[in-house]
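The following pair of complexes shares a single chain, chain A, combined with chain B in the former and chain C in the latter.
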Partner chain A sequence: MTRQDAGPRTGPGRAPDRRRDRTARGRQRSAYPYVLYLPAAIVYVVIFAVPTVMAFYFALTRWTLFDSEFVGLQNFRDFFAEQNLRIGFTNTLIYAVVTSGLKVVLGLLLGVLLTSRLRLRGFLRSVVFFPVLVSTVAVGFTFTALLRPDTGLVNRALALVGVDGPDWLGDATTALLSVAIVDVWKGVGIATVIYIAGILSIPQEYYQAVAVDGGGAWHRFRHVTMPLSWPATYSVIILSFIGGLRSFDLIWTMTRGGPGFTSDTIASIIYKQYQAGFFGLSTAGNVILFVVVTAIVVPLNWFLGRRQATP
Partner chain B sequence: MKTSHRMLAAALAVATTTALTSCGSGSEPAADGTTMLSFLVDNSPASLDTAKALTDAFMQANPDITIETETRPGGSEGDNIVKTRLSTGDMSDVFWYNSGSLLQALNPAQTLVDLTGDPVLANVQEDFLTVVSQGGKAYGVPAGSAMGGGILYNRKVYEQLGLQPPKTWAEFMANNDKIKAAGIAPVIATFRETWTSQLFVLGDFYNVQAAAPTFAQDYTANKAKFATTPAARAGFEHLAEVHAKGHLNEGFGSATVDQGMKLLVEGKGAHYPMLSAQLPPMVSETPQAATDIGFFGIPGTDAAKRGATIWEPGALYIPKNTENLEAAKKFLAFVATPAAADAITKVVQPAGPYRIKGATLPDDAIQAAKDLQAYIDDGATAPALEFLSPVKGPSLEQITVAVGSGLTPPAEAAAQYDQDVEKQARQLGLAGW
Partner chain C sequence: MRALRRTGGELVALVVATVVFLVPFSFMLLTAVKDESQAQDLDFAWPTSWPIVENFTAVIQARDYVLLRAYVNSTILTVGSVALIVVFGAMAAFVLQRRAGRVGTLADFLVLSGLIIPPAIVPTIWLLQALGLFKTMPGLILVEVAFNLSYAVLLFRAFIAAIPRELDEAAMIDGCSGLRLFFRVIFPLLRPVTITVILTSSVTVFNDFVNPLYFLPGDDNATVQVTLYNFQSQYSTQWNLLFMDIVLITIPPLVLFVFFNRKIVAGMTAGAIKG
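Up next is the complex of A and B:
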């Protein structure tokens, strides 16, 4: 026997062909016949690939749904000339940074709290996670009512302690931040769960070592929990940052980008073009958003992939 | 390069809606010889009541035709539903939609049945036809009454403080000072619903036209601008002034129309720049809305030239894809009769005059409608700009919220709006932009 065995079978599919080892290896990679991929491929092509390619064409047209006329790059010029675009980009960034930052800080603290020996630990974990399960639109409407200047619960509560609360969503200085904080309320559950998993995976030996060296709770947190839950932090930042970049539903239900243009994000600007019936222009906006997101996500993906490859 | 995508769109529609349409769209005549008509209206209470009054009265007179009413959301969401259904050939047999610039965006020559010269239009007032026409062809009959866009004011408050309806902007501001001193919010603003912020600008068009009679044509032809026409810019300035003087109600940034109307009817606010059509639905709950609330046009600079801006009613249209053209025309012909107007009046108080020959306001019409009728009798009205020009920028409501909240100075806002309009005109493919 000069040939080596192909090794144990690791996946489903045909047994490795023992007679022609080298040439068969390429075929072995596909565990299933290609025809099984067909339904998924059709769905993908019809619902994703075709519209994507069509979008690149319609972005170059003046399109009213009734007919379309090729106008070259005019839509892109118009979209970049959109007066609130700069506000939109800044707001999108502010929103992404504020929400992901707060989710990291609060998620880490809640994660530490909910992995400690608490009597109501299981209950509290459910409570923290609960807002994640509620529909975003419902959250938006509820908080819009709670944040009303005269009758809202928030300002009533503030009035009890003698604070005259502002018109949270109707005031340009507080609108975006109010929405961001509601977003954090809704999303911090996910961050907490990721942190709980991250903290629980830290080997107990490190904590024992701190105890042996006479370190207190702060030492355990600062020198063990925080650095060793870095992978969790990483996931939380990436997830909530991308979530913040494409934020739309909460902003739309709570402020519609207002007052004026002060809480517009890129997604809400694109949606408004669509609403106005400028289908070509809004498609151009989506193409730009696609390019921007790709430009951020592809390097990020590459970076993350490299980190994972090196142990 | 001009391509028609109707074939493609139709194919897509067939593919995606086979399941839905196979349940029966009601277009085939039933066994007993009755015809089914589908009728699409927006879901505002006033429209639904009006539609019900019209269909009930029509079906009583024509037992062989049954009308089924479908609803759609209002606003731009509704616009897109109407456009999508028209472009896919899936529109109901009759539908209710805005007249004026929004109709122009439906591409009527391609999608709607031309009613020019048809007996259906015999009872429609001549000047209404212009707002349902494109390229000299008329497409619709008026549904409901016209309305005034100006200031709704609480007459009880005026009585208590001994005020007179203002004839000029300066008088209006003087009244506001007195109202404020009495502890009542002089001007109600409800910027949570952004469209309501536009009234100071759009409702000022009578004054714009009085100062610059050719503004509408020049504006459509890209020759006149809001920023460079002082009379047109005044609307933005008024909005800024009211905010700067602190005349707005508390929490105006997150108030809704319902809250605003309530403030006005209860006398907690004195003026509300608004469309008079907001009043009739209030009457059943708060009867004093019919008598206590009056209407005046947004005052300009010259007391001798005062007048009011009017919004024309929406209209009923027949899409080209209908299979029940005869029955649909019969329904439209009925809608354009004084009998139909009476049927509506029984259910919904008119917010202004009807656009049908021979249809008059009832004696017990709401005060605001009577006030508006007085302007019409004086010949002192102008249709809003959106009925004279297809050009209307989609961001006006955000811009006016920004001005009314003191975020953008009025001159800058007018320039922003001109830019917004330019984008819209290019997207519509208008000549000269």
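Up next is the complex of A and C:
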């Protein structure tokens, strides 16, 4: 941080000499003033940070937006005592694990495929990536139509090979997983391009070394591509965990948490309780989501980051 | 033999990818141009008649031109929030990259928190209401700015790190510092990353469904995503109109993707790898 010759202080309109013993730091202050933070800081603090902090208080109240009555941990007790609220907790974890797991596996495979000498590589990359840019609501409605029990294309295709497909979104056992798979369909493009960037940054020498040793395609994948694309895996896991834990729009457009409460996540319960006017309970859901996200992502980030440092 | 196997593998991969990724899109398009009774089948059959114009006008005119109003609202929302995200984000990223110290550490922490922490919904509504901004477009714009700033700061900071400090120093010798240094010297240099930020945040804000649902309810200022969502209950039997709506809403991101494919992909991966 110590720069020896930051230039003479000949700027007009300023007299930094008046300040005693402010040498390098004094000059730095005038060049990069904290004022530049101000607009971003105001919006961020007022709209994002203050509500986040206030949530910890309002979660402990029965709340109508205008007045709040302190009820202690009652909201949290409700959250974990009632079956239809507790299920959101487990569903959120299942959803996050399934989506990020599948995104890692499929993203890596697609990444390998799309960095090989495929003739239609560019086209395929675009095709895989485009769903990322389509609105979640549109994707949700399209797949709701495709997954309809009798007339949906998916079940008709399954019927062609003699499989009797279930009512994907109407059955309690498949609803959440079906939404998770659609989430993977929409989001795997990001994972894929992250892997492509990671794989392309692996030096060719490693592959040449495997070739010299007579290793095949599997060898190349297992001992070069997979370990050396670790930074990409790390990014994909963190990103899809953050996204998966707070996911709401796809679930809401496809099942609305149904049938019953079986595919509710914490985020959809927050919305339902908000609509029902239980603001305190809804905010308690937000606090729980906050705790879950930080309790998972921060240690995960630390753990994966450590592995990255020592491959 | 090897070459044959290669082509075979290629072919299989190609077919699978096409089926998995293109069938849903073709299904959207096909259903959007069918007539009402055929669209009900929700199948992959070729349209027997092509009422494209009728479907299009029906969707546009539905509920007193709500879609057009929604497009106007979404445009205002996207342009407004992206402009603020770019200016505020670049300014903050500049100081953050150039000036270490306690404030910098705090700002770093806040940027990271912004990426990870899910926003607290009802307290935000409470706060917006206290400020008189709940259910208003400026309120929603500020919400989008607050929630998307962190990512923009991350992208800008990585780019600014590659701009040599000697440049700042040269400008300072000429008596240019602070706001003038930033807007006259630095900001013009950020053009490539600015374009990336504009593209990625436009797509995010335009496609956002959750925040308009919470912070800007009501039909008058509904955004396109919310109208699409409301269309579903209204057109539960008229699938052709629902899918025409979906197609119309998918066009803006598609156009961006066709023209700025590389920039968008780079923007979306750069932040991930750095962060």
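The rule is simple: the second predicted complex is superposed on the first by the 262 of 311 C-alpha atoms of A that agree within 3 Å, B and C clash if a C-alpha of one lies under 4 Å from a C-alpha of the other, contacts with A are read in each partner's own complex, and residues count from 1 in each chain.
Simple rule for what comes next: a residue touches a chain if its C-beta (ideal position, glycine included) is under 8 Å from a C-beta of that chain, and two chains touch if they have at least 3 such contacts.
The structure displayed is predicted, hence computed values, not measured ones.
Peer 1: Once chain A of both complexes is superposed, is A:D167 in touch with chain B (first), chain C (second), both, or neither?
Peer 2: A:D167 sits against chain B, while chain C stays out of touch.
Peer 1: So, A:A276: does it touch chain B (first), chain C (second), both, or neither?
Peer 2: It touches chain B, and chain C stays clear.
Peer 1: For A:L65, decide between first (touching chain B), second (touching chain C), both and neither.
Peer 2: A:L65 sits against chain B and chain C alike.
Peer 1: Can A:F143 be said to touch chain B (first), chain C (second), both, or neither?
Peer 2: second
Peer 1: Residues of chain A touched by chain B versus by chain C: which partner has the larger set?
Peer 2: C
Peer 1: Go through the superposed model and pick first if A:V179 touches only chain B, second if only chain C, both, or neither.
Peer 2: After superposing on A, A:V179 lies clear of both chain B and chain C.
Peer 1: Tell me which partner A:L106 touches in the superposition: chain B (first), chain C (second), both or neither.
Peer 2: Neither chain B nor chain C is touched by A:L106.
Peer 1: Examine A:L289 and indicate which partner it touches, taking first as chain B and second as chain C; both and neither are also allowed.
Peer 2: second
Peer 1: Could you say whether A:I199 touches chain B, chain C, both of them, or neither, answering first, second, both or neither?
Peer 2: After superposition on chain A, A:I199 lies in contact with neither partner.
Peer 1: With the touch criterion stated at the top, can you tell me which chain A residues are shared between the chain B interface and the chain C interface?
Peer 2: 65, 148, 274
Peer 1: Name, in rising order, each residue of chain A that touches chain C in their complex.
Peer 2: The touching residues are 1, 3, 6-8, 10-13, 27-28, 30-37, 39-41, 43-44, 46-52, 54-55, 58, 63, 65, 110, 113, 118-120, 124, 126-139, 141-143, 145-146, 148, 151-153, 156, 185, 190, 193-194, 197-198, 231-232, 235-236, 238-239, 242, 245-246, 248-249, 253, 267, 270-271, 274, 279, 282-283, 286-287, 289-290, 293-294, 297-298.
Peer 1: Within their complex, state which residues of chain A touch chain B.
Peer 2: Result: residues 62, 64-70, 74, 78, 81-84, 144, 147-150, 167-172, 256-262, 272-278, 280-281 of chain A touch chain B.
Peer 1: Spell out the residues on chain B that touch chain A in their complex, using ranges where they run on.
Peer 2: 1-6, 9, 76-77, 79-80, 83-84, 86-87, 105, 107, 110-111, 191-192, 194, 250-255, 394-395, 398-399, 401-402, 405, 407-408, 416, 419-420, 423-424, 426-429
Peer 1: In the complex of these two chains, what residues of chain C are touching chain A?
Peer 2: 10, 13-14, 17-18, 20-25, 27-28, 31, 41-44, 84, 87-89, 91-92, 94-96, 98-100, 103, 107, 110, 113-129, 131, 142-143, 145-147, 149, 153, 165, 168-170, 172-173, 175-179, 181-182, 203, 206-207, 209-210, 213-214, 224-225, 228-229, 232, 239, 242-243, 246, 249-250, 253-254, 256-257, 261, 264-265, 268-269, 272-273, 275
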